[in-house]
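Working notes, beginning with the structure itself.
Labels A, B, C, D, E and F are assigned to the chains in the order they are written; within every chain, residues are numbered from 1.
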Amino acid sequence: MRILVVNVNTTDSMTKTIGEQARTAASPGTQIVPLTPAFGAESVEGNYESHLAAIAVMETVRSYPEPFDAVIQAGYGEHGREGLQELLSVPVVDITEAAAATAQFLGRSYSVITTLDRAVPLIEDRLLLAGLASRCASVRASGLPVLELERDPAAAVEAIAEEAVRAVEQDRAEVICLGCGGMSGLSERVVERTGVPVVDGVTAAVTIAESLVRLGLTTSKIRTYAPPRPKQFRAWPMPV
Amino acid sequence: MRILVVNVNTTDSMTKTIGEQARTAASPGTQIVPLTPAFGAESVEGNYESHLAAIAVMETVRSYPEPFDAVIQAGYGEHGREGLQELLSVPVVDITEAAAATAQFLGRSYSVITTLDRAVPLIEDRLLLAGLASRCASVRASGLPVLELERDPAAAVEAIAEEAVRAVEQDRAEVICLGCGGMSGLSERVVERTGVPVVDGVTAAVTIAESLVRLGLTTSKIRTYAPPRPKQFRAWPMPV
Amino acid sequence: MRILVVNVNTTDSMTKTIGEQARTAASPGTQIVPLTPAFGAESVEGNYESHLAAIAVMETVRSYPEPFDAVIQAGYGEHGREGLQELLSVPVVDITEAAAATAQFLGRSYSVITTLDRAVPLIEDRLLLAGLASRCASVRASGLPVLELERDPAAAVEAIAEEAVRAVEQDRAEVICLGCGGMSGLSERVVERTGVPVVDGVTAAVTIAESLVRLGLTTSKIRTYAPPRPKQFRAWPMPV
Amino acid sequence: MRILVVNVNTTDSMTKTIGEQARTAASPGTQIVPLTPAFGAESVEGNYESHLAAIAVMETVRSYPEPFDAVIQAGYGEHGREGLQELLSVPVVDITEAAAATAQFLGRSYSVITTLDRAVPLIEDRLLLAGLASRCASVRASGLPVLELERDPAAAVEAIAEEAVRAVEQDRAEVICLGCGGMSGLSERVVERTGVPVVDGVTAAVTIAESLVRLGLTTSKIRTYAPPRPKQFRAWPMPV
Amino acid sequence: MRILVVNVNTTDSMTKTIGEQARTAASPGTQIVPLTPAFGAESVEGNYESHLAAIAVMETVRSYPEPFDAVIQAGYGEHGREGLQELLSVPVVDITEAAAATAQFLGRSYSVITTLDRAVPLIEDRLLLAGLASRCASVRASGLPVLELERDPAAAVEAIAEEAVRAVEQDRAEVICLGCGGMSGLSERVVERTGVPVVDGVTAAVTIAESLVRLGLTTSKIRTYAPPRPKQFRAWPMPV
Amino acid sequence: MRILVVNVNTTDSMTKTIGEQARTAASPGTQIVPLTPAFGAESVEGNYESHLAAIAVMETVRSYPEPFDAVIQAGYGEHGREGLQELLSVPVVDITEAAAATAQFLGRSYSVITTLDRAVPLIEDRLLLAGLASRCASVRASGLPVLELERDPAAAVEAIAEEAVRAVEQDRAEVICLGCGGMSGLSERVVERTGVPVVDGVTAAVTIAESLVRLGLTTSKIRTYAPPRPKQFRAWPMPV
């Protein structure tokens, strides 16, 4: 089974990290293919960049030359999963939703710890649309920009753990979701500090994608995710 | 006052129609500037095309060379308004939300009549995120593709009016919103058939944009719509 | 165009202030007619007085001898807008709803700063019924009675600004609505303190009423706001 | 124990019927005092009349010369209960809420069968504000005006029973609430036709008012229902 | 009239206390029959014990040899009321729901003060399913185990009153519900400390059960609470 | 990895079917252990039987003598999952929730097709509590009792497929969940009739349980699912 794991930003080192994290959860026989979009922002921290990422991820997947069995969109709170589902029949899993759906099996409520405060509304919106908001205790920001996670991992993990403790104590979260693709690998320390299960979206998404493939399930094509109708495009796809 | 009215598709004749409709609602002294995106689909009828339109509308507005006072995104149920709000300080008005907010002042519940069935979930999602869903009685589809509205207006208006009657009788709608930029101008016949007020999103948006400008109100920059952080982009904006 | 702006209390000086505030937002050619009810309380700060105001506003409008194009009910969180809509075909705009609907175009969430704590539930109820509650971050009270706004405006504005800062910082409001007809004119200082847009219900209502009139839209008469059925009344209207 | 049962309209024969119905549910030692407002409409079928009734009921209760232990507002879906609660410490029970609260003990969902279609939104609003809407399957109208219930009881009961059957079969209601003060006494036939329990608001309210009195419980005065603040009124109470 | 009041735990002294409390609210002529389950935990503080209590209460009621008119399940936040309703036609009243329904007649919002933090989610779930959650301001825990209420009543009442004060001040509760069968009798002190009405579930349930019986109302048998279908059981009821 | 798959009824042949179905989804190296409760009803079709099943499943798992890695409760809409989570640290997966969580990755809305009408409210309640209700289009009943699925599988599959078609056409479901443990194996025909993905709860639960184990995730023990406190039980566990 081949699963495309598509980063939403254009920072190759982050794609690499995400790919490695994904592999830790993959079954024997599953090939993880990490992909970086051909265009877009070095980090996605707001709506403008996220809308651009949405379309960049779609074009990246459309131009992937080999067959594949599932796609993981590895950005937290980003736009675009619905478009991918139109373009493909194979399962599409967004890590925001994968983490939340997984967390709900482990505790009565969960909180998401993300990077910047401005990412909070994007994540809340995605959870609401995905029908996964009612058991979300809170979405909290550590205040760290995405790329800081790579530059100073030690400080990052402490800031995230600190906020996770607040979520457990003040918001009554029983599970923590790490709210950024780049946070993969920080789980251990957050478990240590909070005493609750910590879900990483990338690894959760890998197991969900594998499960859907194994069960032979594909995206429903009857209405919302029907294939795009054939039509004329102006100046698109853009010349590369 | 200058208001940009941006079509979401690349069909110039539709941009022209929307512009003319907008002008019917503009105050003396307001200049309506209709714009067609430089890239994208000839009609937007699904998530893939809508995500592309989101970014196309943003680039169209970003490259507009003159100053302006407000922007109207003239697509029904499309993605992208949040991104425009990040990029700009001047008011941004989405016609989906303009129609719903206006309808709520006229009756206790409203229905939206749109084109294809596949547009229904997109519109529902936008209304939910905008906080305008609780008085929405239904979103119904006439079954006509967007471009059909131009090709056979007489048949279109009947199909739409038919569905509007069902919304009033079966869903208890007290106001009808015309759920497509290209439906401008069909109001009269729908009023005639249903006996309830009919709101067109384009004209509603013009009055709202003008009102916000007159009141000196601009987009809140404190969190969700803060300007994008400065960062490196790969291969974007695309060469034109 | 003539717009009646009806105060909900019987304090004439407050009617005058509201009328002046309304005129600052009116287009050339719009005549603002401020009205004081013939009966009722000097300030409306609770349900008993608000129910009385509801009927006093209706009688005031019913006995207005000239034609008019729209009515604004200039009380925050008061009962009665639905009754006015039954009695009239022209648009009726409540300032509570006007402020909230306007705020939603400027930010993802808004808070209302009102006078006394006891007004909070009334405002919350109105927003809920109007379908405008889901993006309301909070309704907060400054603790000042309505008439205090006139007696000591300097202290009033500080108390309100203080509470607005709390709404922005603690409740994540991105826009502030001034929650009392008598607060008109305090916007500037609250903007200065909070850094977010501040919406005044009276001026917002003027632009909405004008917009509805210009678009030729009137209240839906099909169900909720159908004209009262002809019937016998005992001892009403009361002799004046 | 003395309970005031206040009709919302000025039709004395209906007050008499409501009083008799109330007495069937009263315990020995409970005195039922039926009251007709001194002003208002002969029947209440919409917002204008309902707002007037709200204030008429309050004045009626305020001018009642003897002590009493509880008040029942015997109108379905009418405004005003909150104002009465401010004026009094003794329990105030609205029959809309009494019926719904009682129905919820008998089945998983309930429907209300009311008179005219225009009463439906008023009832829905009251249930929403009272926190009793989530298990309401539907509010349905029989199409009969209030006074018709007195003029042709046989036809009335059939129309109501017919609609109740639809509520049970189509809306999955498990209990029926009779949605009009004047429907008291029709329960038997509706039980016969539907096979489900039928709750009459007037009798339900009597038992609830008695229960609250027996338990020594009174209205909370801490915020929403605090007594009105002392203030000047213009031309009110009206001369009688 | 005979009402069974069934404790959910197997501590006989607590059954006795509950029975005595119930009798204080019973009308003359009502016989209160307190019952202790034949099996189960000495106190119910979590899901495992609560599920066991659910079935123990049902078996206790099924094996009661005399006729009876209503049943009260005297555990706060426990499972099982729905099963009892299937087994019986006579009214079944859960004290969690009785307290909440009663509180809603006294103030705009209520809080529940319970024993251990782990009981909070159980109570929240019951209120949600019962359609009584929307006006619940909070469910708070005093931190005291159930049996501590008997062992050190003075300390218990202070801990509960303390938490009730927080509910009123911080969560804006206007009424307090005592969230444990064993808290009966503590009302007075909590009223004293908070100044708001305090509802005890056991006494509230007695008046509701009596009311339903007096009104001749029984559980709806049409769907959710239809009698169990005849079928084979393995090893059940267990030998006693 | 060893996963216990616990039937909720005492029909051994159904346990066998469920076990076989579970094995079709298990990875190599996963041992599926089907278990039948030692006591309870031959089929679970209502609250009384479901509460009994809850406790029977718990006792069955508690007395299982070997170590295991996860538990699947293989009943649709049954009580008890929360209790199992208190008793265990290893993941517990309810098939109702497993099916819904899986369906949400495949389409925008899903419907559940269950057996008898009386099972509908139980399933709705479980989905609501699990935070999985907002994208549930409907829960529909085929009208067939549980055991009929075994007795006449051909008729069963047609009745279920028929209802599934209605869910897709009338309720706008985009995915179908088979709402009974005993429906395993009917997917193919329902896919054929509806053209949408069909999710079976048992196989979905197996992949979820395996995923949680592989990710090293266990139930949060911080509040809702903390282990039961040590205490005295009367006559329990029952002698076997």
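We adopt the following convention: a contact is a pair of C-beta atoms (placed from the backbone, for glycine too) under 8 Å apart; a residue touches a chain by one contact, two chains touch by 3 or more.
Everything numeric in this text was worked out from a predicted model, so none of it was measured.
Comparing contact pairs by residue number, the interface of C-D is reproduced by A-B among A-B, B-C or A-F, since over half of the pairs coincide.
Subunit A and subunit E have CA centres that are 44 Å apart. If each chain is reduced to the centroid of its CA atoms, subunit B and subunit E end up 52 Å from each other. Averaged Cα coordinates give subunit E a centre that lies 29 Å from the centre of subunit F.
Among the residues of subunit F, those in touch with two or more other chains are 108, 121, 223-225. Starting from subunit E and moving next to subunit F, the ring of contacting chains follows the order E, F, A, B, C, D. Contact residues on subunit C toward subunit B in their complex (touch as defined above): 25, 27, 91, 93, 97, 101-102, 104-108, 130-135, 168, 172, 174-175, 195-197, 199, 203-204, 207-208, 210-212, 214-215, 217-225. Those residues of subunit D whose C-beta lies close enough to touch subunit C in the complex are 10, 37-43, 45-52, 54-55, 58, 79-80, 82-83, 85-87, 117-118, 120-121, 125, 128-129, 145, 223-226, 228-229, 231-236, 238-240.
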